[in-house]
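When the chains are written out, they are named A, B, C and D in that same order, and each has its own residue count from 1.
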Amino acid sequence: MPKKTTVPGSLKNVTCPETGKIIGFQFDVRLPRYRGNMVSLINGYYVNVDGVEYPQDKIRFILNGKAPRTFEELKSAVWEHWNYRDAATLLVLKDGGLEKGDHVVNATVSNFEQYGYMPGRDEKRVADGGEPIVANPVGVGQSAAQSFVLTIE
Amino acid sequence: MATIKRGVSSYSYQNVIFDRKMGYRDFIRTIREDLNTDGVELIDETFINHYPFITDEFVYDWRNTIARYNMKSVTMDVYLDVLQFRDHVMTFEEGAERLKRDLHIAARLGFENVRCLRPIPAEIIDMCVDTAEKEGVRLGQEIHSPVQIRYDPEKDWNKARGNLVDERLVEHMLQRAEKSPFVGLVPDMGLFHTGVTPALVAAARRTIQNDDCVDYILENRNKLPWQDLKRLVAEKFPTIDTDAQITLSLIRPQASAKPEELMDIMHIILSIHGKFYEMVEDPTKPGGYYDPSIPYDEIMKILLEGGYDGYINSEFEGQGHTNDLPDDQMFDELEQVRRQHKMLVALGAV
Amino acid sequence: MAIHRGVSSYSYQNLIFDNKMNHRDFIRTVREDLDTDGIELIDETFIDDYPFLSEEFEYDWKDTIARYNMKSVTMDIYLDVLQFRDHVMNHEEATERLKRDIIIASRLGFENVRCLAATPVDVIEAALPTAEKYNVRIGQEIHAPLPLVVNPDTVNRLHFTAPIDEVDRVIEMIERTGTKHAGLVPDMGLFQHSLTPIMFEFALRSGCPAESVAFLKEKKGTMPDADLKVIMSEKFGEETVAKMARLITTQGSAKPEELLKVCPYIVSIHGKFYEMVEDPTAPGGYYDPSTNYAEIFKYLKEGGFDGYIDSELEGQGYCNDLPDDQMQDEREQVRRQHEMFKALGAV
Amino acid sequence: MPKYTTEQGTLQNVVCPKTGKIVGFKFGVRLPRYRGNMLSLINGYYVNVDGVEYPQDAMRFEINGKPPRTWAEIKQAVWEHWDYLDTGWLFIEKEGGLAKGKHTVLATCCNYEQYGYKPATDQARVDNVEIPSVGGAGHTSAALPLEMEIQ
């Protein structure tokens, strides 16, 4: 899998336009593969910043010019493609955002893209509506991503 | 071996669809789950958004859903709104262009047949045969009451009204079908509509508000030609508007053909519209159902005898008879279609 | 009759990921670096908005192929059976996807589609009318650990879903239907006999003790993988073995002479390799220390193979932990492989 | 045709964003059929609220994310589809709008959609714009009045 799946220089805090308050931070990610796949297959992201893991319900996924979506919402994007060379943005909700300066960011995708049928696991992946989002996922298209130091200017 | 197969037109579920309770995926799934059969007939403009600019996404998702439930896209029903351009009536050449586009759309969605309307002039059909062959989609013209199967100029309802509908279309299509297997007919079983259903009678009583009149019609409708009955009703009940839709429905049977006449066209039937108005329990066969207005026992007997090999697709049209009632007293379209399929199976469909 | 050379876009995956090579650069590079015409495409790498292929991409692809006088040989297609999330795609749905991919391949001018080894044979058979109509051959990938020849001693080491006798099933279907539009795409990893230097270096950098790497180098191939794993676990501990697991279990599943059995059915070939090393016996020449391409070419010629072998470089994963300037130069690696192909008789 | 084609809960007054004054009212309608059709075929609506009929030139029709259009403009939309399940909005110009509370709203569509050729009426429908009537035209029969409320 490619090396830089977290895009350097993309980390920044996000301000709510109405209140002017910082509601979280965001950074860009790339598909850790050699091809694109349907957006519906993105099951979630393991996100760890400076040792803090962020739960799935605090993460929003931004791609294809659409409003931020939850991973639950991504499940219905069954005909929408994540084009291989496009970066998606992960928006992490965190009041006050991150401090200025360097942060160690790890973002590892849980991707249901796979090489055809895997009886047993297929049904489980459908029924569970997902599987644990972990730092070291197993399977085609997913493995631990490298951590990167990103800076908030 | 020839078999009569079962399917459903999306027309049958029109209230559920209108209420946005049934999308096209639900429609397809319902046929599989409710009826354990595979025939799908689609009214094009009910589900194809942005028609005629069908999206790839719709094409792929339609085909995928058909594959998911192991279904078959049998017939797509297409229309011809000749006033689309508003500054002129569509010419026959323009009508043919529209029909050719519809054949292409049907091919992309994987349909075997396109059903075009009965008022389509034979000239338009002729202009489209090449396209039908190229796209691999058969072109079936609907025959719907009051069109006759065996033409009698005395009974030419359309000619009497100056309509363009050529009631000799059966004759014309038989000739054309000799030259191309991609041309045929889609008969609507309303052709054999003779009776009345309980829901129609109840609707008539609510609307006409004159039980004597309704009873008089019911008593005499099988004894007299309907034109005579209409005249007698007008004389006997001067306050009743005999041209009102509901009154006419009660007086006039729609039938313009007899089931045995299906034999004349059996070999060029592409698919069948299983028109029905209400399925009621058969007192002689508990758990069995029949439509009191259309003789399906006779129809199915003729189809089996004639070796019809194809689909009969439910077309439930009774909704109008209960639309004035509170929601919970309106027809349950899913249940009505389930009952019709029970009947079709009992009468020999697979 | 000849063995032609081509490249799969898989080989340049890092360059493509880094936005340093688009589809035009890819096609031009194959012509300019290698003076050959064979193009193999991973569909979802370059086709934006897949499966809704735009006319703009279609026209630009075909124009670029024409501009450099190239040939669209094989398009590699996939089968993400969980696309719909609320159910596992059934075989009829998989057939619909395959048919769509055939039409996309046809629009782009490809001769073949390569479907996955795990694609059920009944799905391929159901798509044959479409393949025939669009004149695109469906080639099923045959990838290690699938064997080419199954005998009573064959051990089933499959980690994906396919019957162990997949090859025989495809051939049976082809013979039964008489189709000219289905075949096989063997991946040369089938014949991998050894590990390569970059793999050992990777293991060392991952923190495996030098003696464990030396032991692996010495013993790999001398005994079944499962036994090797047990011995190494005892000797060097579970943690080390976990780091080397991929190396311990990587191995071929066929012998080059078995190509004679499948030659008539080959649609195109994946020229899988991890690294090309200078041949000490022939200065300026290169060879692949993991796979005996001389043997492979011998049997391809003997079997009368007439078609393309497309480079598929897969060594990137063993150097992605290095600084950029020490990573594999994908273009150089492919150039070296093509030097070898020519030396072995490819045109 | 479906039972109610006027959508319950959609009646509201419309405020001009510039002046802040109420310039009329609007409500949602659905195609009174079992399929969609080209927008150009919508000839107009008969609209009657609390016994008051509104003229065609007081109406604008809003659909497909475009600004409200006159019937003459709708007539030009010969390649634009009114997708079957979509709601269209009838805007009626009326200074001050409707009073708060309940209103009886009747809206009958005059649709030129039909089953192919009808030589007896086709050319006439092209030459003369029909005045939408309470009974509807063609397949569009009389709609049911609906009691709606402005909050």
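Going forward, a residue touches a chain if its C-beta (ideal position, glycine included) is under 8 Å from a C-beta of that chain, and two chains touch if they have at least 3 such contacts.
Nothing here was measured: the structure is a model prediction, and the numbers come from that model.
Per-chain CA centroids place chain A at a distance of 29 Å from chain C. Separating the centre of chain A from that of chain D, both taken as means of CA atoms, is a distance of 46 Å. Between the Cα centres of chain C and chain D there is a gap of 61 Å. Annotation for chain A: residues 78-79 touch two or more other chains.
Counting partner chains per residue, chain B has residues 57, 60 touching two or more of them.
With chains as nodes and touching pairs as edges, the resulting graph is of another kind, matching none of line, ring, star or complete.
Across the assembly, chains come into contact as A-B, A-C, B-C, B-D.
Chain A meets chain B in the complex at residues 78-79. Contacts from chain D toward chain B in the complex involve residues 1-3, 30, 34-38, 40-41, 75-76, 78-79, 81, 83-85, 112-120, 122-123, 125-126, 141, 144.
Partner chain D is touched in their complex by these residues of chain B: 11, 14-15, 17-20, 43-53, 79-89, 117-121, 161-165, 245, 320, 323-324, 330.
Note for the complex: chain B touches chain A at residues 57, 60-61. Those residues of chain C that touch chain A in the shared complex are 10, 13-14, 16-19, 42-46, 48-52, 78-88, 116-120, 160-161, 316-317, 320-321.
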